[in-house]
Amino acid sequence: MTAGEIDLDFERAERIGLEEAIYCAGKSSAQIAAILETAAGRGTPLLLTRLDADRLAGLPAELAAQIDYCAVSHTGFFGPLCPADGPARVAIVAAGTSDTPVAREAERVLRYQGRASSMILDVGVAGLHRLTRRLEEIRRHPVVIVCAGMDAALASVLGGLVSGAVIAVPTSVGYGAAEGGRTALNAMLASCAPGIAVVNIDNGYGAACAALRLLHAAERIAKA
Amino acid sequence: MTAGEIDLDFERAERIGLEEAIYCAGKSSAQIAAILETAAGRGTPLLLTRLDADRLAGLPAELAAQIDYCAVSHTGFFGPLCPADGPARVAIVAAGTSDTPVAREAERVLRYQGRASSMILDVGVAGLHRLTRRLEEIRRHPVVIVCAGMDAALASVLGGLVSGAVIAVPTSVGYGAAEGGRTALNAMLASCAPGIAVVNIDNGYGAACAALRLLHAAERIAKA
Amino acid sequence: MTAGEIDLDFERAERIGLEEAIYCAGKSSAQIAAILETAAGRGTPLLLTRLDADRLAGLPAELAAQIDYCAVSHTGFFGPLCPADGPARVAIVAAGTSDTPVAREAERVLRYQGRASSMILDVGVAGLHRLTRRLEEIRRHPVVIVCAGMDAALASVLGGLVSGAVIAVPTSVGYGAAEGGRTALNAMLASCAPGIAVVNIDNGYGAACAALRLLHAAERIAKA
Amino acid sequence: MTAGEIDLDFERAERIGLEEAIYCAGKSSAQIAAILETAAGRGTPLLLTRLDADRLAGLPAELAAQIDYCAVSHTGFFGPLCPADGPARVAIVAAGTSDTPVAREAERVLRYQGRASSMILDVGVAGLHRLTRRLEEIRRHPVVIVCAGMDAALASVLGGLVSGAVIAVPTSVGYGAAEGGRTALNAMLASCAPGIAVVNIDNGYGAACAALRLLHAAERIAKA
Amino acid sequence: MTAGEIDLDFERAERIGLEEAIYCAGKSSAQIAAILETAAGRGTPLLLTRLDADRLAGLPAELAAQIDYCAVSHTGFFGPLCPADGPARVAIVAAGTSDTPVAREAERVLRYQGRASSMILDVGVAGLHRLTRRLEEIRRHPVVIVCAGMDAALASVLGGLVSGAVIAVPTSVGYGAAEGGRTALNAMLASCAPGIAVVNIDNGYGAACAALRLLHAAERIAKA
Amino acid sequence: MTAGEIDLDFERAERIGLEEAIYCAGKSSAQIAAILETAAGRGTPLLLTRLDADRLAGLPAELAAQIDYCAVSHTGFFGPLCPADGPARVAIVAAGTSDTPVAREAERVLRYQGRASSMILDVGVAGLHRLTRRLEEIRRHPVVIVCAGMDAALASVLGGLVSGAVIAVPTSVGYGAAEGGRTALNAMLASCAPGIAVVNIDNGYGAACAALRLLHAAERIAKA
Amino acid sequence: MTAGEIDLDFERAERIGLEEAIYCAGKSSAQIAAILETAAGRGTPLLLTRLDADRLAGLPAELAAQIDYCAVSHTGFFGPLCPADGPARVAIVAAGTSDTPVAREAERVLRYQGRASSMILDVGVAGLHRLTRRLEEIRRHPVVIVCAGMDAALASVLGGLVSGAVIAVPTSVGYGAAEGGRTALNAMLASCAPGIAVVNIDNGYGAACAALRLLHAAERIAKA
Amino acid sequence: MTAGEIDLDFERAERIGLEEAIYCAGKSSAQIAAILETAAGRGTPLLLTRLDADRLAGLPAELAAQIDYCAVSHTGFFGPLCPADGPARVAIVAAGTSDTPVAREAERVLRYQGRASSMILDVGVAGLHRLTRRLEEIRRHPVVIVCAGMDAALASVLGGLVSGAVIAVPTSVGYGAAEGGRTALNAMLASCAPGIAVVNIDNGYGAACAALRLLHAAERIAKA
């Protein structure tokens, strides 16, 4: 791919309210650099996801220096960041320590789009008291993103306890019958708690985008 | 199961804003009748889903007479229905004729909970002009439920065209590689359009509940 | 198969403490009748599982008359039943009404082997209060059999709340991503609560046998 | 994850009789170190599972020095070990040499909780005489943990020969149709020997926990 | 398909030593009748497999009358049967009563091709003594066909005990994790006993053909 | 494999109009070198596919020097290249940057066989305007190869907009529910747009060969 | 669905050269009747696929009378049929008798669009001579549709023998490891013969449409 | 595992006619060395399979020096080799170059047990003439082992052309829809040619053992 062949979707924010983001996993450092230069040429900031340390190290130093990088979530902000205003309307809840990278990805994507959020970690249902003692805090947010792997039981339990929107992200945590996150995915889809909306495995980015769409909808309704 | 063993979740509406619904597919007519009598004894209305014609016919006549039944979606309203007020905030969009039962189930569940919605049928992307000529109408709704089977491409295309919340319901329409709806499910989860939230295969009920949760969240935000 | 070719495992009880049981699903009424006659000739009682109404109706009337049949669990006791003595050491807990047949099969198998048990139905985690209000009752039993389909979250939640043995039975309740019980099975195997032992989908019989083995072990330890 | 965000379940032993264990596979050395320091601060010992040599090497030397590490099973005991008392009530039986790591993990977890066990290795059914010559020894234990991969036939054969509790652990040994342990898992679940309880693939930890739950139950029954 | 379009492979016996057989499952009674008439016109006998009672009943009476039908195995011999000579060189061993149809199909196909065989039924490994007491009888046959479903452990145990050729047929007996015979199939392929050759699920016909090929090979070697 | 054992299909071009190509993924550098030498000895050019940088580096320098290598598509032309004549009849359309290697492989294979083609990259349906603004250009080609991963919606949308032949190549781009390209494969096979022909995942080579067969067919029809 | 909600894609033929076809499998007789009436009102003929005998019988007699129905392929022509002109450019080749319905569906769809084709049945590779004796006839057609189930080896063998376009249709013929056609599908996609284009399982309609697209492309090239 | 815990099955050859073989893939160099020393102590030769170069390099030099190693098939002969006598009764036929390692493993295992065999490589059906020109040579062997990946069509074609025993080994050659050898496995099991016996994916060892069992059977029949 030469620079002339790149066709970024810069109109996306205008059309659907979400900025174009660059998914780096399938791209070489050279391809990512070409994209960053195109954006820099237009003065457009960019969100980078699945940017691992090797690809980051392969970028020209002057480009890498403009990236605010998070090693836990493998996300990067390229260019200036808009301020986050207003209260945190999204709670990001994760079952275990191993789910943190996905939760953090969701938090970073929301932040990039100017939205604050609250993190509630390590509240898996094997120790239900850990969840119940933070339930009131969770309920204060109209939107809840739940990150859980293995049996994903946290999503069902939360879904039966909160009345707001629940966006569930299965994670690939676990082994054997966890099937790389497919069991968590299926359990969330087949949840006994009604109205849980699900995104792809490990897709913290997608969960944040679903939350952003929902906040757009809420703001339209509030204005109407 | 004897009547004494039934433990319906009548507090659900208070807790999470969604009325208890009875999923009839795995239950005998006798079990359903016992549940209806319990509800009737309390004066509580009930929503019935996956109630096929055979089970309906197996109910005592006096109970069956109190059910407002829809043969397309296999749903029933037992007891008085609350009025639907306000504008339709949810558009229910379906790719083909065969997706109608799922779309109708979503519409009926919303109606049961007092929410109006708009139906836009037969807009599959194989004839893209059918979708584009109804796009403005769809965009007027802050929430869109998309029902599609087979390749589920409609969800991705719509997701790239509207800025509101998109809840996608894969349907089991198709054969062979459609894998009973699993291909549509996976395609929606792996959509190239960001922020699409997905529910279980053929789960019009779940899509409606996700929309209701979202409207709750929106109303909380509007009040804040 | 002629009568001469039948080779029932009548020594099983002596060898492993579990009576031979006849799994009827893959057998014709004629084959089942031949087995019953062999047992009757020896004066041996038999446990019949997965005996549906059609096969039962196909048996000679004099054989059918000797069967104590349960239409919910599709089990039959052929011949005299030994008395159940002692307290109920096994709690059988089920998430929803649709899981009742599996729970009942477990109860009947335990009863056939002379063991009492307690049934706790309709305590799925979507309404967590239903479970917590019966938790003390469940905890009084050293062994808990949990029956749940769909997301099977009940097994994980219970596993985090009780210290006794937990035997989990996934059920085929649900559709789509429930994958005929495979999601519940995998979720139980990948549970975040440690030490949950799992049997096959819808295998109430196997759960009861696992409980019986455990009670044998406990009695040996008690005597030692 | 900062230290302030860690919420270990230190009440677990009191609640369900099993100490909190740290599953290290999805965690960085830094995360593990933070957890160990939290535990050290409270004076609480910890069990570490799936701790590979690389993560161990990445820990600060003073923490690593406090770990009693087993390179075969990838387990570590952090802090003082309680003594094991009483006779070995659990036999751990493994089909082949390649199943040893899983068997050893079960033995180590039992030991951590103060329980002795007996190891019987290399008794796969392809050479049935190897099993039969150790059968009496196995039968002396009321609880048997069976570790087997590939066809997992050992679990069925043993299940037909012993009357005690049988906990089966499928291992990921084998290739092709062994499907990474799924064939062994399914074969154990579908065993022709009744009452076999199954845990996740390679889950020696889970098998030990199931045995511990069972011993708790047995001791309650013995006291009653 | 009109009679003119039928192109039976009548040269098959000459080419590979196996007579053409008609697999009836996917054919209508009319198609089967057309095939039988073609064969009758040439004076060629035919073997019919998977001929269920409905399709048999749908054949013209004069054709049906020429079929020697076995209701257990759903096989039919159309036309005169050649005599079976020589000793039984093939033992057909089945684990349980439900495996009988598959075992019988193998027996019938061998008989059609003029080969005697011995049936040993109901020797599943859950009661190992049933197998060991017939082991000498099985060992007298140089070729063993093993039919087993569920965990298929019988194939591995036998494979470790006999030195002759072992042809394993997985059956679809069982439910849930038995996965319609796929677990038995995979367990046979991944058997810990070396040199087991496997055919398709429920394919008693294929097992018999594999045995016939093997007998051809043996006879060529004997002559050499 | 020694040189004497190599049996290349040099008659292939004559028989089916496609040159023999060497799939290098499963071969060692030594095996590839032996094949190249055989071809060099006959003066036959060869197309190499899936030739990664490591294998290329492992070839003797004099052989490597004769290879026109493309690092994006991992293809190599060994020996002289025939000229490409005539207009580009094939459009190669790709959804995203990550699909480029597959698209480039198709382009290179066509070029090797003397056919020009046009590349249209980065026209995924999440930004539909990018596709529509290049639609006329695409329509000028009677044959369209579509490369897309994840949901593969581009294939369905294009299939509903062009009247020429559509050959769809699923790519392994994406994660989780993208299932390594299987979701894209199934979505293309189950497309709501009729008459889309599909090749294997990431098989740019196969798509080019299918296009070449089609051009042969077209030229035969044109001559008739 | 009411008549007012039907939105047939009558412009399809103009846009992509293929007439709108009605897939009847997921529709009720009432829905099909509504569609036929809409078409009749416009004077537009329609192609009906997957129209089984029950649905046909459920149509109003006056509508049913206008359908030219084929019971083998379950297809119907509604309204006048355009004449087929020109030579047969498509050979439809099927492996066995059970593949006939799929082959016939392809033939009927081509005929509906005015294209003649040749049927070559019963040429499966288990009797290779049956194929070779018809090879010249097959080669006379520039386009070959291959229908095969089970191992689908016919597609690979033909693909190595003909130079024209090959469109492969896997069929659901077979059992067990045939996996309802998925094995044939995968074998065709992974064929060792290059350039085979594949459509969905049992999708004779799709194969015909792919052939029609190809003939359009060929005719454009011929005119250029 | 300490040396004292090793329990090799040295009686295997006596019992089933096959020497014990050591599958090295799941074992450390230390474990393999312990096994070799045990065998050396008894003066017993050993066959080693799946012994990769790294594990070989990890063995003590004096042990490694006693191994006759084949780098293509990853097999080793430890200790003296018995002579191979008699004619080659087994033909090993492979579809492509990439199947060579599996074919060579079969050849080496046969050789270890004193049996000669003939190798026929590179005869895949995409160039059918390559197979037909070696058909007479293949037919001279009463037993044929067929190694093929991808579509595995070679097994079906050969199965229709030879009358001897056919043992099919699917290989993991191919990508995407080849599914790591599962497609080849399923295609062989569902082959349209009757009587093909199948072993596990890439299991050249198993194919050789099946051939050895068959030769035992043949020799018994020849003597009878």
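Labels A, B, C, D, E, F, G and H are assigned to the chains in the order they are written; within every chain, residues are numbered from 1.
Here, a contact is a pair of C-beta atoms (placed from the backbone, for glycine too) under 8 Å apart; a residue touches a chain by one contact, two chains touch by 3 or more.
All values derive from a computational prediction rather than experimental measurement.
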item	value
Least step count from chain A to chain H, where 1 means the two chains touch	2
Pair joined by the larger number of C-beta contacts - B-C, A-C	A-C
Counterpart interface for A-F, drawn from A-B, E-H or B-C and sharing over half of its contact pairs	B-C
Turning angle required so that chain A lies on chain E, C-alpha fit (0 to 180°, nearest 5)	180
Chain whose average C-alpha position is farthest from chain A's own	E
Inter-centroid spacing, chain G versus chain E (mean Cα positions, whole Å)	35
Separation of mean Cα positions, chain G and chain D [Å, integer]	56
Residues of chain H whose C-beta touches two or more other chains	15, 126-127, 159-161, 176-178, 185, 189-190, 193-194, 200-201, 203
Listing of all chain pairs that touch each other, if any do	A-B, A-C, A-D, A-F, B-C, B-F, B-G, C-D, C-E, D-E, D-H, E-G, E-H, F-G, F-H, G-H
Contacting residues of chain E [partner chain G, same complex]	1, 5-9, 11-12, 15, 23, 25-27, 31, 35, 170, 172, 181, 185, 200-203
Contacting residues of chain C [partner chain A, same complex]	95-96, 124-128, 150-153, 155-157, 159-161, 174, 176-179, 182-194
Residues of chain F defined as touching chain A within the complex	72, 97-98, 100, 119, 121-123, 126-127, 129-130, 173, 175-178
Chain F contact footprint on chain G (complex, rising order)	15-18, 21, 87, 89, 142-143, 159-167, 185, 189-190, 193-201, 203, 205-206, 208-222, 224
